[in-house]
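Labels for the chains are A, B and C, by order of writing; each one numbers its residues from 1.
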């Protein structure tokens, strides 16, 4: 067929754009993704599995999962509380508050780590007091958890605020007018309505928590087997020219990224369906 | 339950939503709050429901102070403009919600909840939709489910915010009649907000006309239509011809300018007589348009530079046989005159134009 | 709380209170602490540290590489967003999901992988280096890493905007005799330009702070391929806390300016079509000013 629609580019333009765009994605996304697994398996599956069994790698996996789990409840409670206040009520300084929540996205992870060293480090504001009480935050797990919190806390709130704003207050008000208490309203009406958005935020913040490098690196002190998360362990192995070990550890993180992408896509699809449902519920009948 | 509203005022920033509102709603009445958007009617409804708090004034339920009573303790059924159905719950669970969240001691058994919900769904004639979700219902069905949900907690007062606003014309008419019947059967007080005069006049026992946060008139549908208390009510309810006039010697003079006070005369289109011969106290005009609309014929007359709208019955029109361009005489049968202060001016029993 | 502000929905005080306390402890206190620490130095000394030869070189590398990476993504991101929205092709959903890979893949993994790919014996390096172009362990390596890390920003900000363009507008342009290229330049591009700029600014802001992916591929030679975040860390490792703080404060200030720019851009994108007042009103306002 020769005829093209008025709003379509000529065929050669379309094919050029497609090849340039897909080529760019292939070299910058596809190739690196494949390379992680190819490098990890470069000397065969047994060597790969052996590398994963290394105790330090395993303790790094444990610590990474542990920190992610420790951070999660804080982020959920903060995300829901902040979104509830911001989306359902009017108050002065709301936009300032939203900007404040966005702040960690603008701060370099290295700076994020540094600020906690200045606070809790040996020469930091609370350093002497902590030393007196034999408490260790910097170069220890608590510091890594705090740094991860700083980096990851906006994800859930940012997901929930627009979602809850678009849902409005009607359903909650209906619940209250039908006699529901605050908790009944939250558990029976609000939470079911935001569950996919919440899950989406959890997926994003979890991916970042497990993958964070800069901030955690600054406060960790790189103590092998103690304060080494998986991303930090990747660095150590790589710098020791242990490519197989580094890429074996990296392959786990890459798998995690793929799982994240799949989960994210599924949840996005669910949320799209929910929005469509919401739109049909809200749309006025044609008059 | 009767509702008394005393000196209620409410501002949003600089915007005065309600300005010293006083209103009594006796038990069992169906009251319409009627007005253009932004007139404060929805705010008043939300204050009665406890969804919003007034800046000042008080609300009494059955004579008892209820101003600071929490929404959940007011025993009020509220139907939201967009229904606010819980979209993740089935129709059944939506209606059952109010019963399920009752404190354990008052909560009915599951069997009792099922019986009550199915009874209510039967009442709104939608028991066959119990397992559906709100997104699977039509607008009219959602509206009726929202009503059933509000009624499940056996409220003493039913409050409805633009209950038919989002529905198409045919469904709207059906639901209006149905709401009237339901109200009469349930023996409760109902208040609904609407911007549609026809809806208010057709359904309500009493109509409260509001504008700019104030009540313009309270009265039966017939009262507010036949004897509007202000120019606003006149113009908001039905079509009206407006003549700038002056009151002189008890007459509203439309065309003389040396008169004492500037006034405005209001005449409904169906209150104007047309004749082919000169009329005593009548004005001459030219026929501009003739539109037959159902049982009525709408005539547009041009008098000087002004257009005057007249509605004639078909019989009368057939007798007159008006054609465009024809010269005729017209005269109001009935009119009302308001002064510049928006208050009615009494004119003698015979109100007419003078030359 | 006075009776006049009683709210129907519960939990406002609790939710807002918790939010504010949490933010104060996690954000305001630490950032305030840093600014306080920097004030020990005084303004002049901070400037001296920031303008020292090594810091200046680091800033130049960081901002220069970030700018190039953001430009690359501005160009290719536009094409990618366009084909993802407009053209059907097999595996589109997979490709669409893959665009978020840089958000999901830990930066350290990206770093070692890119370094391996572009090294002299890597899959790409072995073809590029004979051409006399070295990527790994040069500033170009930084550009590659930053391009990878910030790839999703432009695509993801553009996609919804391109989806929102009504094809009627393009059809109207075509029916008025515009060529496809004219339609793109005069109708489509102006509509998506603010989003493109926003995506560009977001990518740039993210690139400036990036650390993990860069250090593996950069070579990290002072004055040549050392980025500012790395310089902060090396100062910290030499116990030069004040020096590190000074640099961090400067970076933070620059980040804030970028954040502000992004906010203004987003506000502009959201509001520039909201001015749908009837013409008379706009005219009256203009008349009032004139």
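Odds and ends about this structure:
To be clear about the criterion, contacts are C-beta pairs under 8 Å (C-beta built on N, C-alpha and C of every residue); 3 or more make two chains touch, one makes a residue touch a chain.
Fair warning: this is a prediction, and the values are worked out from it, not measured in the lab.
Taken together, the touching pairs cover every possible pairing of the chains. More contacting C-beta pairs link the chains of A-C than the other of the two pairs A-B and A-C. Here the CA centre of chain B is 54 Å from the CA centre of chain C.
Averaged C-alpha coordinates give centres for chain A and chain B that are 53 Å from one another. Averaging C-alpha coordinates per chain places the centre of chain A 17 Å away from that of chain C. With touch defined as above, residues shared between interfaces to two or more other chains in chain B number as follows: 50-51, 71. Annotation for chain A: residues 173, 176, 181 touch two or more other chains. Under the contact definition stated at the top, the residues of chain C that touch 2 or more other chains are 7-8. Taken in their complex, chain B has these residues touching chain A: 49-51, 71-74, 76-78, 80, 82-89, 97-98, 100-102, 133-135, 138-140, 142, 149-150, 152-153, 165-169, 171.
Those residues of chain C that touch chain B in the shared complex are 3-8. Every residue of chain A that touches chain B in the complex is listed here, in rising order: 170-171, 173-181, 184, 188-189, 192-193, 277-278, 280-282, 284-287. Those residues of chain C lying in contact with chain A across their complex are 7-12, 14-16, 18-20, 22-23, 26-31, 33-34, 37, 76, 79-80, 82-84, 87, 89, 93, 95, 97-110, 112-114, 116-117, 123-124, 147-148, 151, 167, 170-171, 174-175, 180, 183, 205-206, 208-212, 216, 228-230, 232-233, 236, 241, 244-245, 248, 251-252, 255-256, 258-259, 263. Every residue of chain A that touches chain C in the complex is listed here, in rising order: 6-10, 13-14, 17-18, 20-22, 24-25, 27-33, 35-36, 39, 77-78, 81-82, 84-86, 88-89, 91, 97, 99-111, 114-119, 121, 123-125, 146, 149-150, 153, 169, 172-173, 176, 181-182, 185-186, 204, 207, 210-214, 217-218, 230-232, 234-235, 238, 243, 246-247, 250, 253-254, 256-258, 260-262, 264-265.
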